[in-house]
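Which chain is which? They are A, B, C, D and E, in the order written, and residues in each are numbered from 1.
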Amino acid sequence: MAKRIDANDLNVYYGKFLAVEGVNINIEPRSVTAFIGPSGCGKTTFLRTLNRMHEVLPGAHVKGKVLLDGDDIYGPGVDPVTVRSQVGMVFQRPNPFPTMSIKENVLAGFKLNGKRLSKSDADSIVEKSLRGANLWNEVKDRLDKPGSGLSGGQQQRLCIARTIAVEPSVILMDEPCSALDPISTLAVEDLINELKNEYTVVIVTHNMQQAARVSDKTAFFNIAGTGKPGKLIEYAETSTIFNNPVEQATEDYVSGRFG
Amino acid sequence: MAKRIDANDLNVYYGKFLAVEGVNINIEPRSVTAFIGPSGCGKTTFLRTLNRMHEVLPGAHVKGKVLLDGDDIYGPGVDPVTVRSQVGMVFQRPNPFPTMSIKENVLAGFKLNGKRLSKSDADSIVEKSLRGANLWNEVKDRLDKPGSGLSGGQQQRLCIARTIAVEPSVILMDEPCSALDPISTLAVEDLINELKNEYTVVIVTHNMQQAARVSDKTAFFNIAGTGKPGKLIEYAETSTIFNNPVEQATEDYVSGRFG
Amino acid sequence: MTTQKTPLEDSVSQPIAATASGDAPAGPERRHGRSRLTAGQLPKWTPYAVGAGALVLSAAIMALIGFNVAGWVIIGAIAYVVGMYVVTLVKENRRKATDGLWRNLIIGAFLIALVPLISVMWTVIANGWQGITQPGFFASDMQGITGKYDRAAEAGTGPILGGIAHALVGTLLITAAATIISVPIGLLASIYLVEYSNDNVFSKVIRFFVDVMTGIPSIVAGLFAAGFMLAVFKLFGAQPGAQTIGLSAAIALSVIMIPIVVRSTEEMLRVVPNELREASAALGVRKWRTTLKVVLPTAISGIASGVTLAIARVVGETAPILVTAGFTVATNWNLVKDWMMALPVYIYYQLTTPTAPQAPEPSMIRAWGGALVLIILVMLLNLLARAVAKWLAPKTAGR
Amino acid sequence: MTTVTAPSPLTAGEKGRAGDKFFSGLTFAAGALILVVLLFVTLFLVVNAYPALVASPAELTGESFFSYVWPLVLGTLLAAGLALLFATPVAIGVALFISHVAPRKLAKPVGYVIDLLAAIPSVVYGAWGMLFLAPLLVPIYDWLHTYLGWIPLFGDPSATGRTILTASIVLAVMVLPIITALSREIFVQTPKLHEEAALALGATRWEMIKMAVLPFARPGVISAIMLGLGRALGETMAVALVLSSGALGWNLLSEGNNTIPAEIAANFPEASGLRYNELIAAGLALFVITLVVNLAARWIVNRHKEFSGAN
Amino acid sequence: GGSNNPGTSSSGAGTSGSGSGSASGSASASDAPQVTGTLTGSGASSQQSAMAAWAEGADGIKSVQSGLKVQYSPDGSGAGVKKLIAGQVQFAGSDAALDADEQKQVQTFCGPEGAMNIPVYIAPIAVSFKLSGVDKLNLDASTVAKIFSNKITKWNDPAIAALNEGVTLPDAKITPIHRADESGTTDNFTEYLHSAAASDWSWDPAKAWPSDLAGESAAKTSGVVGLAAQTEGSITYADLAAATNLSHASIKVGEEYVVPTEEAAAKIVEASKRVESTNKNDMAVEIDYSNAPAGSYPVTMVSYQIFCQTYKDQNTVDMVKAWGTFVSSQAGQTAAQDEVGSAPLAASISDEAAKAIATITVAK
């Protein structure tokens, strides 16, 4: 199920503004990769290019290639929808559908695509996904209540549940735990560890410890200054990045006081 | 400038749903208080009652008293606007005004006072606030660009800058660093330390280390189970909470694996 | 997002909001001394005092220039608004004064809007009630009704005969047909503008011309539709005159409706947050499904409002229907054959060419009765639209 | 780009894509259809107006088509302009009242009540205007003339009250619900997040509206006003019934002035030959005005373009 | 059920008969063969009330031709003529006879002989006023012209007073009210002023009120009548039958003042000359205002129905004949008089109309 991702010389633009420049990276299947770096360096931007969410914004576009198991997702004739159904994403800001109940939110990936589910299948998917996101116990009694009536952390976990419910090959997570308490964080990290057995997982995090705990490889992004594009500075085994990075910038960043 | 806050027997409702029950807490002026607790336990809810933001939601109301330097902010005839201009707030989700430029965002609250600002005054306030939120360097060249074109962490810092620009007596921060990288987090923590000299600061955080680092006192909230109200379990010096808490629940929580 | 956004309940010590705010009950034991939070605040009775003062002042002014109630109330209201502003400005501060001023102006705007509403409604109900309570008013058309009966009715020697059945049937059919034509076109076009066009030149052209289209006078729309249908019918070799049918009227009305639907829907779609589209896209949902299942439901309340507005607009049109669907006294259920009557046409002709010129009263009664029915019809539609919107709309709650 | 030998699995899902293509094609077709309709309307207007545009002055109502139509053009703009002037502030006030000021329990019924105004057919507005409003306004016009007569707008008052001012008031009442309903829907959609942001800064309700609601709603409100303008420009029956039409004049209190739709509606039934073409040409003139007014409005709007509030 | 229509219901011949007292429907009073079908007309709104009587009334066409359905759209004379020319209707109602141009255009549909104008509706146009304390007023053409051209502005003007000895006229402003829409009424009224008071009325007669004459106006007959009734000191011109709640001026003819009545109106039409026409059966009349016979009322409008000389098929011919003959017959005219108060055609004109209509045939 898991697929590998390779980005070759990827430049990412917002209109004319070059936000991320020249990224080359190979992400192995069945692995967890963490993106770290200072705020505004382009982690989210780059992450969003991996499932073609970037181009949703007006004027946003990329140059270069992103290969999913060797197929260029920006190749001619490629349907972004096909890409996105294989590469799922959890956003930095939780965004449950306000028109839907908690249950419908979890099933959104099926329901919106018009797939029919038997009630028992639906129930089991809902339970499995919500358990996976460590939310089941908190919401099992109010599955029919609107998803927007949840606390910030609960909403974030709901979005995680929604994404894993459709079982994509690759899961991108943009700071999935930033709104979570340690217990939920732990649960999500466990989940990531589990997902790794079947999926390719990419996560953006500001939490070095988390990166150190969950990821196999770590990519450090940095930005030279305001208005400059973000760049991939170093990409290596997580232990290398945290213990003996090649670049000075990496060392400076990871040895700063931890968040 | 700083003011003390006392909550007496505070119950907080969403319509009929009792979300937080029986909180008694005394927050000293010129101190930093951290609220910790699992997701969904009512930290945000309680925090929002301290500047009457809670009642903005339909059906939401409180019972009990919150005293700001001895005056009940829920007393008869009290204008919430007066309360809010004394008790500032940074939200869990960054919310810069999308139609305003970065500069206008920073000045948004300040301008409410209606004092005419000379351009140089305005500039110095913008710079001071943005520096305080560790955002100045990243945005100084694009102060006239929209605030919504910033990265998640940048937006969050923009909101912090906007709040401190008003110089309220009390500053409430709901997970201000959750979207920030370690460097910015550090800057915000430094800022909190500085603010403490003049203001009363209350912060919600999931990061135990952060709570330990910046706060003088810590309040631990917990929830007995789904549908039950959140409660203030223990409130004491931060060192006490982290080293020898009275309650078992507190001990369990703070000794869990850290986020 | 809520369907009907509730007001933010931060009361500014004004009676209207105080009733609704979720204030905690006043603590029984007030602290000695006034709270600093309420320091410098105007006492609760201020609005009443200023109001009384304003009315007295207004009475004095009216005494000078001749008393009349409307003038007294209007000048009193202005004096109250100004008075409250000045008092708050002097006793509290400029911000509160401005806030109060705008609040009063906004409430004032509402009250001003009520005046014509009540007046028109009063006129219609007072005149129309007798009409709709005539026996057989809804069940009969105008076949066989001539001036003789109206003269008798006006002389008090007979009942008021005739009714609106034919016009009601016509209006319902024509409006339904126009709605069926315009709503899908309008919705789809606005979806194109917001979701698919990427603001290309073509979309700019559409948007611009849709605006222009809103200004086409209804009579021109009618003449156009009549000419267009004539050409179409000629093309198929039909008898000239065969194009005078309900469907032609529906097409004329569509020309008026479409721009309203497009414009209102476009605005409503535009305010749907992008994060919802992104959330759906990230789940691998196709754009058309995202549009239909996420974007539209989120905007449905506004869309329903726009569609209702469009229907309300065309359901009251006279000229375009007359020149396209003809004029008849008999009930016709067939949209594609024979002339068809519509309520506004009926009302217009009953008003302007009474069945009995010497005894216009029964015609007036029928006309106002028809007007009342038309209004009730649109209100029912409005309720229906709201129900549909509520049914499809976001479940409320939350931040 | 790549020289793929085997087809990429990513391009395989053509089937699923058909739905998208179909739907986007459908929306495009709808947009194109609107343009086609408008093209037909334009064609209809031009073809039917042409004879009047090229006719010798002797055959026309006025000395030339231009001299016939320009007073009507100004009259139309005057009536619509006044109507918008009256309606817009009230309408936005009412919309704000419903969305942000009225107690929650009141908001819905109030919105419904205001929608009632939209439910009233234009014939009825016309009848109301001529039978009820016009006589009511006579003393007020007298008063205006007595005290403000030095302003040229308030000249000799009419004995019947059927003046351009009355017509504008009726038009204002008619466009009010349009602007109100759409603005209200937009106001209601203002993100809570931004409203709360403003309130948390210590904004009063009005300041919150100014800071968060109005900027967010600005484009939508402008659209609503444009729709109202379209209605005011194109309204036929109400003006035809209310206005005692006549030559163009600045005196708002006396009979006189006319609008193009009313002129067409009043004279179309008896028009034959060139007169008919002349009326259609007047319709074309209105079309052109609408075009110009919209161009101007867009130009003004775009000049002040700010950051979009939607996202 | 629940229908309160007096005549036939839409289901056909059955009569629910709640209000109708006279014999109708199946009782075919005519010896003419029965025709069935729908006849479509369009045109002058002035005829609409009479049309209701002819098409729907108990004494209307249904009483002689129960299978003939006639529908009439009061679009206005111009629109009606246009539709006839375009072949969209089978007959037109018009306040003005076809002019030479229109006669030519109508030949496309009606065949080379064109169409015939048959007078069917004669209406006195009353000069009506609202002046409290005054209900009788004598006026002559020149005074009327001066009033409507804003030369006389007060009710107690010497010119009016001179014609009304013994009447106390108030010192009140006169508010003349004219038709805002183009209309046959205005056409006839201005025609009268133009020919009877040429020196005081310089404008050419037209359907539209002179554009340089300022004044209050309202749409449609009911509009001017309603506005006049609302406005003290007003004066207007309108179809006598519709000018309710107003007083009517007597108009000077020769040396006497004639009260507007149906009979007086019929009289002048009878005395009028025919207009030259390319169709030999055309009965368009031109009222001669200057030589109005004594006791006739000159301000009179004649409204026509316009029929083709030939139609494509026999059934249409039969329908048109049945209809046209009935409407112009004494029976039809009396029905309209009963219902609307229009002036019945003189018997001689009826007869002539019957002959003209009898010549209608199928196109070869």
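Methods note: a residue touches a chain if its C-beta (ideal position, glycine included) is under 8 Å from a C-beta of that chain, and two chains touch if they have at least 3 such contacts.
Note that the coordinates shown come from a computational prediction; the quantities given were computed from them, not determined experimentally.
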* Note the shortest touch-path length, in steps, from subunit A to subunit D. => 1
* Looking at the contacts, which chains touch subunit B and subunit E alike? -> C, D
* Structure fact -> Contact tally winner between C-D and B-D is C-D
* CA centroid of subunit A to CA centroid of subunit E, Å -> 83
* Structure fact -> Between subunit A and subunit C, the Cα-mean centres are separated in Å by 47
* Mean-CA-position distance for subunit E and subunit D (Å) -> 39
* Mean-CA-position distance for subunit B and subunit A (Å) -> 28
* **Two or more partner chains touched - positions in subunit E** => 45, 75, 79, 219, 223
* Note the residues in subunit C that touch 2 or more other chains, in rising order. => 1-2, 6, 8-10, 12, 95-96, 99, 274-275, 286-287, 289, 351, 396-399
* Spell out, as numbers or ranges, the residues of subunit D touching 2 or more other chains. => 16-17, 20, 104, 131, 191-193, 195-196, 199, 204-205, 207, 216, 268, 309-311
* To do: Give every touching pair of chains, nothing left out.
  => A-B, A-C, A-D, B-C, B-D, C-D, C-E, D-E
* Asked: Can you name the residues of subunit C that touch subunit A in the complex?
  -> 1, 198-199, 274-287, 289-290, 293-294, 297-298, 392-399
* Structure fact -> Per the touch rule, the subunit C residues reaching subunit B in their complex are 2, 6, 8-13, 21-27, 30-31, 35-38, 41, 44, 94-96, 99, 396-399
* Please name which positions on subunit D make contact with subunit E in the complex. => 61-62, 130-131, 135, 158-160, 162, 240-241, 243-247, 255-256, 266-273, 275-276
* Asked: What residues of subunit D sit close enough to touch subunit A in their complex?
  -> 1-2, 4, 8-14, 16-17, 20
* Structure fact -> Counting only contacts in the complex, subunit D reaches subunit B at residues 104, 191-205, 207, 211-212, 215-216, 218, 306-311
